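Each of the next two complexes has subunit A plus one other chain: subunit B in the first, subunit C in the second.
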Partner chain A sequence: MWKVYKYTLIDLARNKFVLGWTLLLLAISLGLFQLEDQPVKAMLSLSQVLLALVPLVASVFTIVYLYDAMEFTELLAVQPLRRSKILGGQMAALGTALVLGALVGTGIPLMLFLPGGASLTLILACVMLTLVFVAIGSLIAIKNREKARGVGLGLVVWFLFVLVYDAVLLWVMFAFSDYPIEPWIVPLAALDPIDLGRIMVLLKVDLAAMMGYSGAVYEKFFGNVRGILVALLALGAWVALPSAFAFRAFRRKDL
Partner chain B sequence: MKNWMRLCAVAFLLCTVVGLSAATWTVNASGKVKKLAPVLASAQAGDTVRVLAGTYAEGTLTIDRPLTLIGIGRPVIDGAGGDGNVLTITASDVTVQGFMITGTKVSNMNDNAGIEVEKADNVKLTDNVMEHCFFAFHFANSRNPTVIGNTVNGDPEQSETSRANGIHLWHCSGATIEDNEVQNHRDGIYFEFVTDSHVRRNKSLNNSRYGLHFMFSHRDTYSDNLFQDNGAGVAVMFSKNVDMSRNRFIRNRGASSYGILLKEINDVKIDSNIFIDNTTALLVDGCNRGEIRGNIFQGNGWALRLFANATECHFTANSFTGNTFDMSTNGNPVFNSFSGNYWDRYQGYDLDHNGVGDVPFRPLSLFAMVNERMPYAVVLSRSLLTQLLDQAERLVPSMTPEGLEDDKPLMKSPHVTRNL
Partner chain C sequence: MSRVTFENVGKKYGKLWALREFSARFEPGETVSVIGPNGSGKTTMIKCLLGLVRSSTGTITVNGEHVGPDPEYRHHVGHMPQISRFPNELKIGQLIDLMDDIRGSNKGRSEGALVKELGVVDMMDKRLGTLSGGQRQKVSAVHAFRYSPSVLVLDEPTAGLDPLSSQIVLQAVRNIKREGCTVLITSHLMEEVEALADRVAYLQDGTLRFLLPPEDLLAVTGEKRLSKAIPAMLTTKTAAHVESL
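Moving on, here comes the complex of A and B:
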């Protein structure tokens, strides 16, 4: 697995895309911090951009890369290698490269301009979202033979998580506002990894508002560090589950 | 001229005579006169009692004639074993300075206090330390009380039900409350029927209910105070002609916690205050004729909750930055106005470069209205969805009240804003 990991990583390093992604992130982060006179405001704008962009790029790039590396994958599959090791190495390498890109592209500017808990939380959210969408992207790439279809599906999934799910959630809140649905809202939000990342940032930045709503679940959830830990755990599950499905699909796949 | 000179001379003589007749007593826990009570009983009106360092545990002490008590080296007066109060003052013109006072009894029946002042005018309490008192200072029916430079530490271990107020005034007028620090009481400073008074440069921190709480208290000014980490912030109710300026309201968090809660207030001026990190910075519920100008609202959950029963409240030259919601309301508060404030969410332009945006700003976002109906929707804040909704609403206002807008939004904050 480590050899697969190593060679995929070397290939990714040669690929200009990861470098470009890093530079783009750097440009956005630095640009926002230069434009805004208040670092906190810049960080909030940045978080909105990142929470939408990171999942998109992570999933689409993973899908495209896995399709492009198909010949190499087939070559590896011929060798006496377990399939889980092949996919594991590839996913780990993709995750490493994109996480490094995010760390350099956003982590450095954030820590430079606004060192503190809020920035750390945003970086953590970006890292976790990268991993989640590498896992989801891998699952999509393995499940679909056609590249265009895979990329399209990746876009649809991203769109679902970034916008549609929230709209449905808001509609549910409206529709069931006569019922005691408060305890269900946070678990429902946890079904969307992008929401989880956003809530992590909210817990750091908008805690004052979060404390305003005294529903029991919220109080427990938003009280302290526990909220962020719970969100992290849920995001961990979001990495583990699609990965598990991806491994299963890859094991059974007829290459 | 001669008459005037003569008058002066007589006045001078009178002063010296009075001065001579006033004796000075010295009480020393390790000296000849060990007890305070006998001295208080035999001193004449106008005398000064010097109390040297030591502990004086003589139950409740009563001052029933005009005396000046001066503690030297911070003597301790411990009221344990008394009727609940430590020091009861029933005479006017009493000064108590430089003591540490402790040993009140917690009671649900009596307002036991470290220093209780009842029907006594011109009482001065300065530079005392009140340690773990039930009420620390309790004034009733007194004119011109002065409370300056005291440190009031409640017992942080007590539950809210067995705490009482730090500085408590009931039916008083002309009070001066300055440079005190009150912590861990129920209400830090409590006024009921207190008129024509000044509250300046105090710090009210970590109180379990309100940092400052006043009701039926007219023509009072509150300036340069700090209210921080209080359970419910500051609540002011049923009062007229209130002037609050240059105060700081910081980190008052909770479902019913407010930087300031204005309830049934007429003619209020809120000027140059700073609100940071509160759940709700300013709640205006039934307020007539408010002048709210030059304040900084930064990083609050709700900077402003303006209820529809508020009328003629004018918001000018305030800065709204980094708040989760700049504003929310329960209806349509059109009888109020916004003009010339700075809003960090403002996206307009300023073609003529006069520092004022050319299109009005609508401070009430659609999502804030949604959130007013469904508080749990707060989990969706700052999501792409709510951004889009707010943008759409801003372009084509349909749900938010029509007239609610700042017609002259500033392009730059009138304040030097701080970072969170």
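Moving on, here comes the complex of A and C:
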């Protein structure tokens, strides 16, 4: 696996899109910190941008890269190499490249302008969301033969997580506010990795109060170390499950 | 023991059988040209052998090892695809290093068959994304021959190559065959088939119509060239004759 990882990473290190993505993140981060008077406000604006953009770029780039590498994947698949090692190497390299891009593009400005727990949480959320959407993107690329269909599906999944699911969850909370739905809110939030990232960040900047009823529920559950660990575990499951399905599909796939 | 065996191999995509009840044995030191119209099952048959697709029925062996999830048998297999695409940003030398790592080879980059003959030795620092189609084919040929395979699968090996490079690759096929390698070639060029093949396998609609030496094909049809003998084999009268062979 490490052989494939190493050379895929060399390829990705010179990839113009990855470099462009890193520079774009750097420009957005530095721009927001320059424009806002208070670093906390800049960080909140940045979190809104990152929590939407990071999943989008991670999933679409993964899908496009894996489709474009299909002939090379075939070349690897006719070598004495298990398929799990091929996919593992490619996914690990994609994750590493995009995580490094996020760390350089946002981690450095955040640590420079607002060092502390909130920035670290945002960086951690970005890292986890990158890995989650690399896993989801890989699964989509493996399960669909056509590139256009794969990219379209990636966009749909992103849209569902970034907007639709949130809207549905809000509607459910509003519609059933007279009922004791509190125990259901946290598990329902955990079904959306972007929501999990958002909750982790907002709780760290003490903005749960602005989230109303749901904020109070999240504060109660996630507002301590145990809650953060549970959120990280849930995000870990969001990496592990699509990855496991992707490996299973790739082992059986006709190339 | 035969080098490669296919026993009732079939492959179904959805409701379509791309290959059905394909049985054949390929011996050490022989070159077999696999021909047939588009969609006849050639690529499916080759992909089954390479483990790129899983056959729906039957078994395949290479050197007595079953073709399945265990990739070890591929240590003995070389493959040159018709279309080669590599990671754009890697250099040729790095790709050779990767393949050497996977194969556990200690060869230097400039060592091995065809590296010098095809001029790949002078392109080691070139990015793969900047190569022309012909240059990519040369890199692909280098990989196919590099690890002294006992089974070599070539898919349209001279497509996109200049005449001189084509001759070098064809000569390399003759050389490796002399060393006992079993070579399977798909080609639409009858000159290549005539020049290299010890036997010709003709597939149509996923079925093996015949697997015969070129001399037999010429004798059965009374033709002097394979390009005429093969269509003649497919006429009703001769087809019945062939099935009786």
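Keep this in mind: the second predicted complex is superposed on the first by the 240 of 255 C-alpha atoms of A that agree within 3 Å, B and C clash if a C-alpha of one lies under 4 Å from a C-alpha of the other, contacts with A are read in each partner's own complex, and residues count from 1 in each chain.
As a convention for this text, a residue touches a chain if its C-beta (ideal position, glycine included) is under 8 Å from a C-beta of that chain, and two chains touch if they have at least 3 such contacts.
All figures in this text were calculated on a predicted structure; none of them were measured in a lab.
Chemist: In the three-chain superposition, say which chain, subunit B or subunit C, touches more residues of subunit A.
Modeler: B
Chemist: Given the touch rule stated above, what does A:Arg252 touch, subunit B (first), subunit C (second), both, or neither?
Modeler: Touch status of A:Arg252: second partner only.
Chemist: Does subunit B (first) or subunit C (second) touch A:Met173, or do both, or does neither?
Modeler: First partner only.
Chemist: A:Arg198 in the overlay: touching subunit B, subunit C, both, or neither? Say first, second, both or neither.
Modeler: The first partner, subunit B, only.
Chemist: Where does A:Glu146 make contact in the superposed view: on subunit B (first), on subunit C (second), on both, or on neither?
Modeler: neither
Chemist: With the two complexes superposed on chain A, say which partner A:Val78 touches: subunit B (first), subunit C (second), both, or neither.
Modeler: second
Chemist: Just checking: does A:Gln48 make contact with subunit B only, subunit C only, both, or neither of them? Give me first, second, both or neither.
Modeler: After superposing on A, A:Gln48 lies in contact with subunit B but is clear of subunit C.
Chemist: With both complexes overlaid on chain A, does A:Val40 touch subunit B (first), subunit C (second), both or neither?
Modeler: A:Val40 sits against subunit B, while subunit C stays out of touch.
Chemist: Okay, in this complex, where on subunit B does subunit A touch?
Modeler: 251, 253-257, 277-280, 299-302, 321-322, 324-325, 344, 370, 373-388, 417, 419-420
Chemist: Tell me, which parts of subunit A touch subunit C in their complex?
Modeler: Those in contact with subunit C are residues 3-4, 6-8, 10-15, 68-72, 74-82, 251-252, 254-255.
Chemist: In the complex of these two chains, what residues of subunit A are touching subunit B?
Modeler: These residues of subunit A touch subunit B: 38-41, 44, 47-48, 51-52, 162-163, 166-167, 169-170, 173-174, 177, 181-182, 185-186, 189, 195, 198-199, 201-202, 206-215, 218.
Chemist: For a test of understanding, state which residues of subunit C touch subunit A in their complex under the given definition.
Modeler: Subunit C residues touching subunit A: 13, 47, 50-54, 69, 71-75, 77, 79, 81, 83-90, 94-95, 97-99, 101-103, 143.
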